[in-house]
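Next come two complexes, and both contain chain A; in the first it sits with chain B, in the second with chain C.
The block that comes next holds the complex of A and B.
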C-alpha cells in the first residue's frame, strides 16, 4: 500500500517508459528497508521515553512497596490537588520568564546582528566577542552570575550598594532574566545575522536610489526578509526557556517562587524519588511546549500570509 | 548493484552495535551476598570530592597491605544533593560498580530501607569508643548500616578582638548574643549569621534553633513529629533576627561558603558554621581580615549551651557489591582509630573517636577540638527517617517562609507539622 502511493506519483512525474515498474518497486522496497534502522533509533530514543513517561504518570509512587494504577489522579493532583500551588506557581513563573527573556533577547540580539552585519574594521573581533557568552556552558554562567549578584559580589561593589538580589521574588526574577539574556542574546544575534546576510545588497541600493530613508529600508526591506529567521530564533528560544533548568536551579534553587516546570519535575523524580509524579510533571511540560510551539507557528504563518497579501496590494 | 546490500548491512550493523552498547553495562548486575559478607577482590570507594587528600592517604596504606584487594576511589560532586542523585541512580539500578559508600549521615535510613546497604555486624566495630550521636546516625531499626568516618558539629565563631575590647566573653545564650550586637553596631558590621538560603543548611540551622529550645523535629525513626512549642520558640528567634536586624540581611542567601567569606572579610561579628572555617580563618591571606582576631565557642542556646545538628560522613557497604568481604574489611580499616587520627591531622575534621578530642598532638594543631567535643556530646542527628528528603523539603519550605515574613512562626510550624505528619504516615 505504502509503496504504491510512493511509486505512482513518481511514475507519473517521470513519465518515462525506460524503467519497468518491477525495478521501481524494488527501489522503493530498498528505500523502505534503508529507513528501518533510522526508524528504530528514533523509536528507541524518542518514542520509548515519551510513552514510558506517560505510562509511568498513571501510577502512584510507592518508594518501598509496589505501585499501582491510579488513572489520572497524578494530573488532578498537579492541576487542582495538593500539588497545584507548586505547579501553577512554576507554570506562571516559567511562562512569564519565557515572555520577558524573549522580548529582551530579540531586541538586543537584533541590535547585535545589525552591528555585526555592517562592514567595518575589527568586525571579526566583534563577531567573535559577542559570541563568547553563548559559548560558556549555562551551568558555568549561572554560577558566575550568582557570584555577581552575591550581596558582597561584583554588582554591589560597582554600584556601592548592598542589594540582596536572590533573597526575594522580583529581584530573583530579574537576576535570572539578566543572566539568561546575557547568555542567549548572542544566539538570537547569530540566527538573525544568518538571515540578514541572505538579503542581497542590491535591494538596499535600489531603495536608496528611490530615496528611501534608513528607517524605511529597515522596516520595508530588512524586517520582512529576515522574518523567517527571526521566527526560527523565537521558536528555538521559546522551546529552550519553557524547559529552563540550570539558571534557576543554581541561582536560587527555586526559592521565593522561582521554581520552573523543569526544576519541580527534577526535584520530584530525582530528589524525592517520586518517578510517577515527576513523569506527570514532565508530561505536562512536554504537552505545554508542543502546544506553545504550535500556537507560535500558527501565528507566524498567519502573519507571513497576511504580510504577503499586503505586499500584493 | 552489489553496493546497496553492503550499505544496508553496514548500517544495520552500526545500529545493532549502538543498541547493544547502550544495553550492555546495566545487564550485568547480580544479587548481593545474601547472608554475611562474601567475596573478595579489588573494590571501589565512592565519596564526594575530597580536596584534602585524606582518601588517597588511607587508600594508599590499604593497597600496600592488600595488593590483591586494591581500592580505587570514585569521586562524586561536592554538593550533597548531586552526590545523592549519583548514589540513588546507581543503587536503584542495582549496579555493583560502587562497593564502599561514603554517605552523608542523613541518608542512612533511606538507603537502608531501600535495601541498598549491607547490614553490618555491630560486634566488629568498637562503637562504644565513638561518640554516641555519631554512631546513632548509622543505625536504623535497631540495626547497624553505616559506621562514622568523621563527624561534624556547628561552632560559634566570634570576633574575639571586638569582644575583648568591650570586656566581654563569648555569648553562652541567645540573649547574651543579642546584647553583644551593640558592639557590632559600634563597629559598623553585621551581628550574626548562619546559613539561611533555602537548602539543606537551612534545615540544619532550624534544627539547632529548635534543639536550643529543648525540642526536636521528629523522633522514633521518623514516625513521630515532635516540633511543638520549642519549634515555634526556635523559629521565632531566627525570624525576629531578620526583622529586628540582629541577623545580617544577606544571610537569607548564605550557604556555608558565603557566610564564611562574610566573616573572614570582617563584616560579621558572630557566625555559626562548621569547624572547617577554623583552619581557613587562621591562614594568612589578603582576603582574610580576621586572622588571630577570632575565637570559637559552643553554640549558644536559650538558657544555656545550645545543641548542634550533626553532620559528617558514614561508610556503608553496598548490598549489590560482589566483594562485600573486602568492602567490610576496608570499612573497618578506614574508620579505625589510627586512620581517624591521620584524617583529623590532615583536615581538622571532627573524629568519631572520643579519645582523639584530647589527643595532645591533635589539640596542639587544632585547639578548637575540645570545644567541639562539648558541642558534639549534646548534638542530635537530623530526623532519622527513610523519607528524609521529603522531611527536609517540608522543613525548608516553611522555615524559609517564616524567615521571609510570609508566615508567622506559629503558622509555619503548624503547616510544617501537618506536612510532616503526612510524610510520617505514608507507611512504614
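The block that comes next holds the complex of A and C.
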C-alpha cells in the first residue's frame, strides 16, 4: 500500500492541446508519418545525386571506353595538377565576388531597411517596388544588365565612361557585382526590416530621454537587436553567391577570368561531357559551401554569446 | 522638418534604385532601334520588338507555355508534399524537431550544379532530355524545402484553437476543417504557392541543362537564345520585349500580394 505509485496528472495548458505521455507518442508517430513523403522525395532528389556525384568524382572520364577507379586523382588535378589554373582562378573569383557583393548588399540593404522603417505615406508602394528586383528572373536581369553595360549602353552614357564592361576582367567583375547587388540588396532590406520592426519604439524614446545621440542609439540599440536577422540574411546570401551561375554565364560566359565554381563545373560536366571531373568540381564547391556556412555560423554564435555574456556582471 | 526631407530623399532613392532598371527595360523594348537610340523615353514607341518575339524565328509562345506548365506543376507538387511536412513541423511536438528543421534548411545549401551532373546522366539514359519531367523533378530539389520553410512559418502563426472552438460549438470535424481551417490556411498556402512559382519560373541552370529545343525550354532559356529583327545585330530590343512579357505577370502578382509575400519570406528569419 505504501508503495502505491501515484499517477501524475496530465499537463493541461490553457488554449492548447492536452499532451499526455501517450498523446505525445501518438503525436510523434503522426509527425513521423507526415514527414515521410517530403523526406523520401528529398532523399531521392538530393541525397542520391550528391552521393552519386561524389562516387563519379572518384573515377576517370572515358567517353568511349570504361571508366576506371582513380581515387582522389581528379581532386589533385583540380588543386595542383592540370586543372589547377582554371580551378583556382574560379575559386578566387567566386570568393572575391562573394565578399564584395555581400558587403555592398549589407550596407545598401541595411540603409534601405532603416529608411523603410520610418513611418511614411506610400510605404506599401515602396515595399512593393522593393520586391520588383526579386521577382525579375535572374536570367532576365542578366540580359538587362548586359544591355546596360553595352559599350553604347546606359551606364557608359550616364557616367560618361567608355569601358567595354564585359570585355575585360575587372570591368566584368564590377558589372557582375552591380547586377547582383541590384537584385538582392532589396531582399536583404526586407529581412533586416523585419528585424527592425520588432524593436519597440519605447526603447528609442527612453534612450533619447537619457540623452543618447542618434549614433549611440544605433550602435547600442539597433545593431544588437537586429543581429539575428542580419545573420540569417548574410548566411542565405553567402550560400547563394558562392553558387552563382546565371549572371556570369549570361553576362560574360566566363570570359576574361570571370569563371565561377558553378560555371566551370557546368562546362566540364555538361558541355564537355566529362561527368567525372565535373562532379569533382561540383563536389569541391559543395564542401566549400558547407565549410563556409559552418564558419559563418561559428563566428555568429561566438559574437552572440559574447554580447550576451557582456551584459552579465 | 529637415529630417522629413532627408527621409523623402531616401525613399526616392529606393524607388529609383528598384524601378529604374525595370523602367529602362520597358522603354528599350518600345524603341525600334534601342542600340542607337538612348533617349530616356521612346519618342516613337513601337510594338515591333514584341511582334518579333512571337515571330517564326523566336516563337516565344512555346517558351511561355513551357514555363507555365513547368512552374505550375512544380508548384503543385511542392505544395502538396510540403503541406504535410509543414503541418507536422508547425503543429506537432516531437523529438528531433529542430534537427528536421535544420535538415530542411541545409538542403538549401546544395549547389544545384552538384545535383545536376548525375541527374543529367540519369535523364539522358532515360531519353527524357527536352521533356518536362527532368525539370520538374530537379526543380523540386529547391522548391520543396522552400515550400516547407514558408508554409511552416505561416502554419505556426495560425490560430488553430479556432478549430477546437468550432468543435465545442457543435461542428463535426469535417465541418470544422472546411469552415475554419481551410479559410485560415488559404492565404498562407496561396502566398507560399506564389513564392514557389516565382522561384521555379526564374530557374535557369536546370532548364538550360535539361532542354535543347522549344519543345521544353522555358522563357529563361529561350530569351538567352533569341535572334532579333535584323539578323546582324544583337537582338536587344527583342530580348527586352521578352523580358517585359516575362516580368509583368510576376510584378503584378507581387504588387497585389506584397504584404503576404514579405511576411512569408521574412518571418522565419526573425524567429531565428
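The working rule: the second predicted complex is superposed on the first by the 270 of 313 C-alpha atoms of A that agree within 3 Å, B and C clash if a C-alpha of one lies under 4 Å from a C-alpha of the other, contacts with A are read in each partner's own complex, and residues count from 1 in each chain.
The definition used in the following text is that a contact is a pair of C-beta atoms (placed from the backbone, for glycine too) under 8 Å apart; a residue touches a chain by one contact, two chains touch by 3 or more.
Only a predicted model underlies this, so the values are computations on that prediction, with no experimental measurement involved.
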{"item": "Overlay on chain A: chain C relative to chain B, clash or fit", "value": "clash"}
{"item": "First (chain B), second (chain C), both or neither touched by A:30", "value": "both"}
{"item": "Partner chain in contact with A:238 - chain B first, chain C second, else both or neither", "value": "neither"}
{"item": "Touched partner set for A:97, first chain B, second chain C, both or neither", "value": "neither"}
{"item": "Chain B versus chain C as contact partner of A:255, first or second or both or neither", "value": "first"}
{"item": "Chain B versus chain C as contact partner of A:270, first or second or both or neither", "value": "both"}
{"item": "Which of chain B and chain C A:151 touches, first, second, both or neither", "value": "first"}
{"item": "First, second, both or neither for A:188, with chain B first and chain C second", "value": "neither"}
{"item": "Chain B versus chain C as contact partner of A:63, first or second or both or neither", "value": "first"}
{"item": "More chain A residues in contact [chain B versus chain C]", "value": "C"}
{"item": "First (chain B), second (chain C), both or neither touched by A:167", "value": "first"}
{"item": "Set intersection of chain A contacts, chain C complex versus chain B complex", "value": "30, 34, 37, 41, 150, 152, 270"}
{"item": "Footprint of chain A on chain C - complex, ascending", "value": "7-8, 10-11, 13-15, 17-19, 21-22, 24-25, 28, 34-36, 38, 81-82, 84-85, 87-89, 92-95, 97, 100, 104, 107-121, 137-138, 140-141, 144-145, 148, 161, 198, 201-202, 204-205, 209, 219-221, 223-224, 234, 236, 239-240, 242-243, 246-247, 250-251, 253-255, 258-259, 261-262, 265-270, 272"}
{"item": "Complex contact set, residues of chain A against chain B", "value": "30, 33-34, 37, 40-41, 44, 62-65, 150-152, 162, 164-168, 252-256, 267, 270-273"}
{"item": "In the complex, chain B residues that touch chain A", "value": "4, 7-8, 11-12, 14-15, 18-19, 81, 84-85, 88, 92, 113-114, 197-199, 249-250, 252-253, 258, 261-262, 265, 267, 386-387, 389-390, 393, 400, 404, 427"}
{"item": "In the complex, chain A residues that touch chain C", "value": "15-16, 19, 24, 27-28, 30-32, 34-35, 37-39, 41-42, 45-46, 48-50, 52-53, 56, 108, 111-112, 115-116, 118, 120, 122, 124, 126-141, 143-145, 147-148, 150, 152-154, 157, 182, 185-187, 189-191, 193-195, 198, 228-229, 232-233, 236, 239, 242-243, 245-246, 250, 261-262, 265-266, 269-270, 275, 278-279, 282-283, 285-286, 289-290, 293"}
